[in-house]
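Each of the next two complexes has chain A plus one other chain: chain B in the first, chain C in the second.
And then the complex of A and B:
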């Protein structure tokens, strides 16, 4: 799993690539934990997500909510979008079409 | 505490020390599903919409979980979560007995035996320490009566109590009506939980069809 951290204004962008499965989810949690402020997860290069990946997303979302900070996702692969929809996660997450629109929305 | 133990605590009628009756098949699937969910939270298995994947075959060191983990590790076919929920449900009696024994050992429950009509032996499990039971009920209520993102353990226990009908024992009819949309939302969030619910739904549907054969 490749995770690149980029600061764009007030938003920390994590460009995530690879499979968000059990090993990937561990790496993802380690990379994102401790991040403060607004977080954008650009998952353009994530084409697979499992239960472990969903749990990792949920934990990051809970951390952000606890800090009263925004968390958003952008560039969802169709398969990832299907899994997030089937598991009801789209109801909890802010999702944007691309990074530019996400950054504009997150200020 | 494992999900099977929490389930048995929630099933306990505090007054009589007896376990409430819920449909046998739903309890079997829920107990089996609970073991799978514990294995997932222990990072031993993972699931997606199509299959259940072995992540790590190292035993957890827990006799409630390790027999099923060994079965999964020994299997050479690719199976979905539903297959393993059904397989785990086959061990439900052992899971139930072990969960109860642990609760007694921890000092949460006490095992007592009475005689009914001086002949029939009946077993009761009066609650000794209500702390764990209150904690799990509180967790459930906090999730159901809020719109916060639930934690992984909260999602699982709500999937399980909903799957075997325990919520009806915990809440009034009015409260059930109020929280139903939230339960629907939360129970979709765990892919093993979805397989448990689907397995129970399929059995209930087939029973309803058998009772009313004109329904297609």
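And then the complex of A and C:
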């Protein structure tokens, strides 16, 4: 997993790359845990996600909701979108086309 | 187009990724449609992650896990065998409710749900003291689309 943290105004962007499988999800949780405020996950370089990655996303979503802060994803690979759809995650995750439109809507 | 690859696996948490990536390469070498490869790879990863997480425990030294990948005609088949105690993941893992909002979700059960969604046929058998799970996907016709 390559995870880069970038502050863009009021939003913390995590640019995530690699496989969000069980080992990847552990690294992802470590990198993102403790982040406060609005979070955008730019997953342009994630082309694979398994249920372990989904669980990690759900945990990050719960942390954000507990802080009453926004969480969003952008730049979904078609296969990642497929998996999020099949598991019903598109029903509760905010997803944007690209980083610019995500940042615009997150203010 | 016929091909086969059989590999052994240790009951370690790093192994499902290694074997899933082997399948990805196997699929690419034999020009399988990338969408089918990704979906079967996910199902394989989920099943193997279950096996290394739950099947062995104290008896890990005696663990035997083998994965076979086959293409015969227009059918792709993956067979996963282990000598752990009898366990049918297709019936013993509860189906998650994918309609629930995040805060009411159970953490678990999603892996097998995804495998069932993305692969046409999953079959469990107990054969000669081993669990055998078979994943089969025909190459003709697109895999089913997940419902919203």
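Throughout what follows, the second predicted complex is superposed on the first by the 107 of 107 C-alpha atoms of A that agree within 3 Å, B and C clash if a C-alpha of one lies under 4 Å from a C-alpha of the other, contacts with A are read in each partner's own complex, and residues count from 1 in each chain.
What we mean here is this: a contact is a pair of C-beta atoms (placed from the backbone, for glycine too) under 8 Å apart; a residue touches a chain by one contact, two chains touch by 3 or more.
Owing to the predicted nature of the structure, the values given are computational and were not obtained by experimental measurement.
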With the two structures overlaid on chain A, would chain B and chain C clash, or do they fit side by side? clash
Is A:50 touching the first partner chain B, the second partner chain C, both, or neither of them? both
So, A:61: does it touch chain B (first), chain C (second), both, or neither? both
Which partner chains sit in contact with A:21 here, chain B, chain C, both or neither? Use first/second/both/neither. both
For A:3 in the superposed arrangement: first (chain B), second (chain C), both or neither? neither
Could you say whether A:95 touches chain B, chain C, both of them, or neither, answering first, second, both or neither? neither
Which segment, 1-9, 109-117 or 181-189, is the chain B region that clashes with chain C in the superposed model? 181-189
Which positions of chain A sit in both the chain B and the chain C interface? 21-23, 48, 50-52, 54-55, 58, 61-62, 65, 82-83, 86-88, 91-92
Of all residues in chain A, which touch chain C in the complex? 19, 21-23, 48, 50-52, 54-55, 58, 61-62, 65, 79, 82-83, 85-88, 90-92
Flag every residue of chain B that touches chain A in the complex, lowest number first. 40, 43, 46-49, 53, 55, 148-152, 185-186, 188-192, 194
Can you list the chain A residues touching chain B in their complex? 21-23, 26, 48-52, 54-55, 58-59, 61-62, 65, 82-83, 86-89, 91-92
The chain C residues in contact with chain A across the complex are 13-14, 16-17, 20, 35, 38-39, 41-42, 45-46, 49, 96, 98-103, 105, 107, 110-111, 113-114, 117-118, 146, 148
